[in-house]
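As structure tokens, the structure follows; a few thoughts come after it.
Naming follows writing order (A, B, C, D, E and F), and every chain is counted from residue 1.
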């Protein structure tokens, strides 16, 4: 990376081998079945796990097919930036793609997509977190995509929410993310990287990608992103499909949380003897 | 195994800068390092340590911007100084050591350590003991060359640098390049240790030179 | 220990068999020496000094001033904050000086101290854990020489710490001798700051120079040096 | 008792008609929901007809709240105040410290104006204190103006752990020298 | 948008919310009414295209500069669009320091989102030598004053500026070694224009109480926790959606919002087109529409 | 109040354990945390490995790209190691440019690669002076619980052994490189360096594989990297407690045995993957 004295420098410029590849990369074309043989509205197998980062207050790891995401939550901690006193807590999110997470090597410094993603995840989580529970302090959520095989943003949202829950940050609800790729008539749930919407390889008519973040038990949408062009009805339909997708992932997340809670059992007696000074109840 | 038991001629000058609290110029052969020490002075809030002084080493290469390699050296030098300085005597203060490379013709690291040590003494920063460093090179034939110049370093199969404390002559710091056997390591180590004694005794002479006036004057 | 008195020692040197005086078995260790279990450890390079009955310390060319309780220093007022002034005395942290630490000062009538003023003060609190605290009154509440140094005509200059120590040592008579020839007022801060004021600016400069150049001289040398200076002066 | 129910954030627990909302829960449209992933736990408080429902877990976000007792390590002492790093809130140890501040007037209950800070605290001391207020943007305001509050652990100049000899000073077992501190009355349930 | 812009008393907040409840807003508009918009193109001389737009108190200046550059290796046959948004501190005191930067990033991301599609703007038209040279359009957005509904205003201004943009035609000649050379035609009127028919406009719908409003004033923005920005083309296709703010929305209201977003968007598009054409034909200074 | 005691006097707390020759996490002084290895899990990288040393977790992904060699060394390719210690892995790291710690470890990795000669840069040359490989070896720490150096070295070595490079030839007509993404060839690994890190506590106790807490309390650390031919290719002791020859020799011997174990583990894991 030129001009960065804080890292070991490589050659001035280098090209990924696949630029010179004879055979062009293949994309999922409109019509026809999906490469991994899924039905249009099937999810890929989901794996969730909590407590993967020992140093963090809470953390989670998620796999959706080949997509791998890890999230760590720190805090509530002191507000890092000098700011005026606030009775509400602050939530901060940082989404990062590992340099080796994509076909094309990514740079170390945050790029536009990461900045945009960080904001979307933040706005997806904010409605779910009881910010008034930690005045003048902040909770930091760091998310790293280790491998992007599609629907990374959706995975990031789910994973981050699970991390928050694992950290014991008070929340009104968890958040589940899910994406849909609209390609002409076809509507693929939880698209893989080959199916994902890429402007440079796009078919005519309806095309685009919708990502939704859902608070499943309150049935509220906390994130909604559409890239591409869709007819109004298709858009609405796509959002509906996403929501059903989220509802499909929710039970898996729930099970993961329940089992992880069981794993580190608190002895209730000792806990209920817990000081009552902070025993104020949470009205909304 | 044969050893070239000679160090290049080395010398030092103290107190040649007026602004710092202490300064020294150390030369080994043609390798020259100018060290300046500021402190114990005011410390940045972010770097404050409640029960001891914050040591910082700034390693200024002769040319070019400092990068990872320099940071690496800074860390080695800082830790080396930390292990002899009694930092707990000046809590919540900063001691800054600036090392300006005047010329590098071999054995740079050891020269830096020695320069820093003299500068710390000159600034009268309290120290447990002194630290003296010696570099040696292993030739392809496995011969040990003490205090090598850059040419000898380039030709060698490995370069080892040791820093010793002046009390028990144990190894405070060790940094090596290249490959070598454990036996070679031990031999180099003892060779360097012997040589380091000359340097520590040289430190005493340096102080006597500096104090000569007072020694004469009896108030 | 006795045998190395007056000799050069360097950090790491270990001193043994003290000649503690009859009166007290305990030895007092000054700057540069640390009790380390049974033995005494040298932490600064310099010359080992001994003072009867039982005081040992090390003379060294230290530039940085380390505050010590009860020492007289010259400081510069840098900030007024709340009910204290912040005063730079050349130590790691600025020292604090309370409004009330002046002769006759009360909550009502506050002393007239401005930012930038020179103050001659005594260290009330000085230890590694606390920020140093100054007072401009003695234990009796009187300003015995302490207080703001008038700005008119005086001159403050920096010297090495051990020159100041030397000047203050009883058997150094530079001030006495100078005073005999050139009348002047002076304030000597242990933090290496000396303020002098003579009748004329010229005299002031002479005094300052005399003091500055006296660091490595015996009393005899000093006398001759001063005479030469004065001759030059009267020569004009 | 029966195996306690495990719930996750956003899970509906009971109607407000049957229970009162306690820690780890919130009320929404007449129902009590969980804020945490943890064990649902009902307990009856005397004087209340409705039981309180709480959700309890091991890892819980601990932030200093007004009135809570905190453990802190003194970081710096000046004539007017004493700064410290809050390491524990009640019994939960924090992963990262919060900054706290004890003003001169909050050190002890009596003779507030005769307090000399450096005769109460030294950097490195461990103190028990109560949170007075959330303070300003970067510091919580703490108080040690109670018998049970103040220095619980301090090292002497010689580096030995000192033993309290009175409410105002402690003694070094090594050298026998006494040092001034605002000593907290030792609580017996501590080991 | 960061809802730290100023503060609102509970009384004001309550008034606005109740007002919206019965479809009557503090400035007399109904929930789906737009404020008066004034647009003016060709306002900056040394640009390829420019536009100034006022929407209520919101004032936007956009300049488009066409320069030659290299295409992305991934898209050799296409030109490039680059957005730079500057929320200058005099637009609103909150823009000082980071506040402005963050907002600027949000705006440029929103623009990226609606332009991030082939059918928005035919970028192949900007290609000069495939894989070699292409036109790069630098779109500089300057927020002069922010009186709410920034995103919509910016998108309007950008579309107007692109409509106004003229790119000199180039002739590519290959010399005998097959070396290609680019000649710029020197005739100032020999220019090509962009087809902006499919360029979407952003319609932001702010959720206030149980209803949503379009073109919210900044007071209204303070009362809404969740907003939905909808990209809408002339034909009424949805070109980009994004939920903003720290609140959440229930699915039903989202569908409604998309619905009304589309309605308003289509009208807005056609009105803008009219206005622009009108302005071009008759060199009138300002052309108001929707007023 | 055990927790309180630990936070109040970590050193004292630690001493009590070491008096019994055991560490708070139940290990003996010489004991190394359980090491687990997962090779080739990241399919977007040419080579990858995830290593867990107790809690400490490092994932190394290697991206290979094509570039021109330098004029000075036309026969050599590049290996560019970078260690990333993101705020995700520990509260001690904040967002922004690499911390000093990260820079130092990155440099150490670069030195180890160079000194050990694990990869011969000549092997990365495709056409002299024209075309060569650059291997971007990014080691990303996911959980920082001490001894990140040893973990990084293992992940790096395992990932390098996992690397498959597409076949490249230069077409006569255009002179441009042509890659065959189907035909993949492994990298020639010349040496197998393995690092072992020791910590010194109270200037006396010597323990291996320090945790985060132990690193904070240690009065010195020492890292020894050895290769399979029982040579030392890095002896890194940055200050700290002075050590005698005998103790250093003791460390070297331990490092040699540890290195053998690790090489065995890597070997087995790779075989199990292939099978």
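Just so we're on the same page, a residue touches a chain if its C-beta (ideal position, glycine included) is under 8 Å from a C-beta of that chain, and two chains touch if they have at least 3 such contacts.
What you are looking at is a predicted structure, and each value in this text was computed from that prediction instead of being measured.
Student: Considering only chains that satisfy the touch condition with subunit C, which of them also satisfy it with subunit E?
Tutor: Intersection of subunit C and subunit E contact lists gives nothing.
Student: By CA centroid distance, what chain is farthest from subunit E?
Tutor: Relative to subunit E, the chain whose C-alpha centre sits farthest away is C.
Student: Please work out which of B-D and C-D is bridged by more C-beta pairs in contact, and write that pair.
Tutor: Most C-beta pairs in contact, of the two: C-D.
Student: How many angstrom lie between the CA centroids of subunit A and subunit E, rounded to a whole number?
Tutor: 28
Student: Could you tell me the distance, in whole angstrom, between the mean C-alpha positions of subunit A and subunit B?
Tutor: The separation of the two C-alpha centroids amounts to 50 Å.
Student: Please tell me the distance, in whole Å, between the geometric centres of subunit C and subunit F computed from their C-alpha atoms.
Tutor: 55
Student: Centroid from C-alpha atoms only, then distance subunit E to subunit F, rounded to Å. What do you get?
Tutor: 49
Student: Would you mind listing the residues of subunit A that make contact with two or more other chains?
Tutor: In subunit A, residues 6-9, 15, 74, 77, 128, 215, 218 touch at least two other chains, as defined above.
Student: At which residue positions does subunit B touch at least two other chains?
Tutor: 68, 71, 91-92, 165
Student: Of all the residues in subunit E, which ones touch at least 2 other chains?
Tutor: Residues of subunit E touching two or more partner chains: there are none.
Student: Among line, ring, star, complete and other, which best matches the way these chains touch?
Tutor: Drawn as a graph, the chains match no named shape, so other.
Student: For this structure, give each pair of chains that are touching.
Tutor: Result for touching pairs of chains: A-B, A-D, A-E, A-F, B-C, B-D, B-F, C-D, D-F.
Student: Where on subunit F is subunit A touching in the complex?
Tutor: 41-45, 48, 55, 57, 59, 61-68, 70, 78, 80-82, 84, 86-91, 94-95, 97-98, 102-103, 106-107, 110, 134, 136, 138, 140, 142-145, 165-166, 168, 176-182, 212
Student: Contact residues on subunit A for subunit D in the complex?
Tutor: Contact set of subunit A toward subunit D: 57-58, 74-79, 82-85, 128, 130, 133-137, 139, 165-174, 215-218, 254, 257-258, 260-262, 264-266, 268, 271-272, 274-275, 277-284.
Student: What residues of subunit D sit close enough to touch subunit B in their complex?
Tutor: Per the stated touch rule, the residues are 73, 75-76, 123-124.
Student: Give the list of subunit B residues in touch with subunit C in this complex.
Tutor: Contacts found on subunit B: 15, 21-22, 39-43, 84, 86, 89-93, 121-130, 165-167, 203-204, 207-208, 210-211, 213-215, 217-219.
Student: Would you tell me which residues of subunit D are touching subunit F in their complex?
Tutor: Going through subunit D, the ones touching subunit F are 71, 73, 87-88, 91, 93, 95-96, 126, 153, 161, 190-191.
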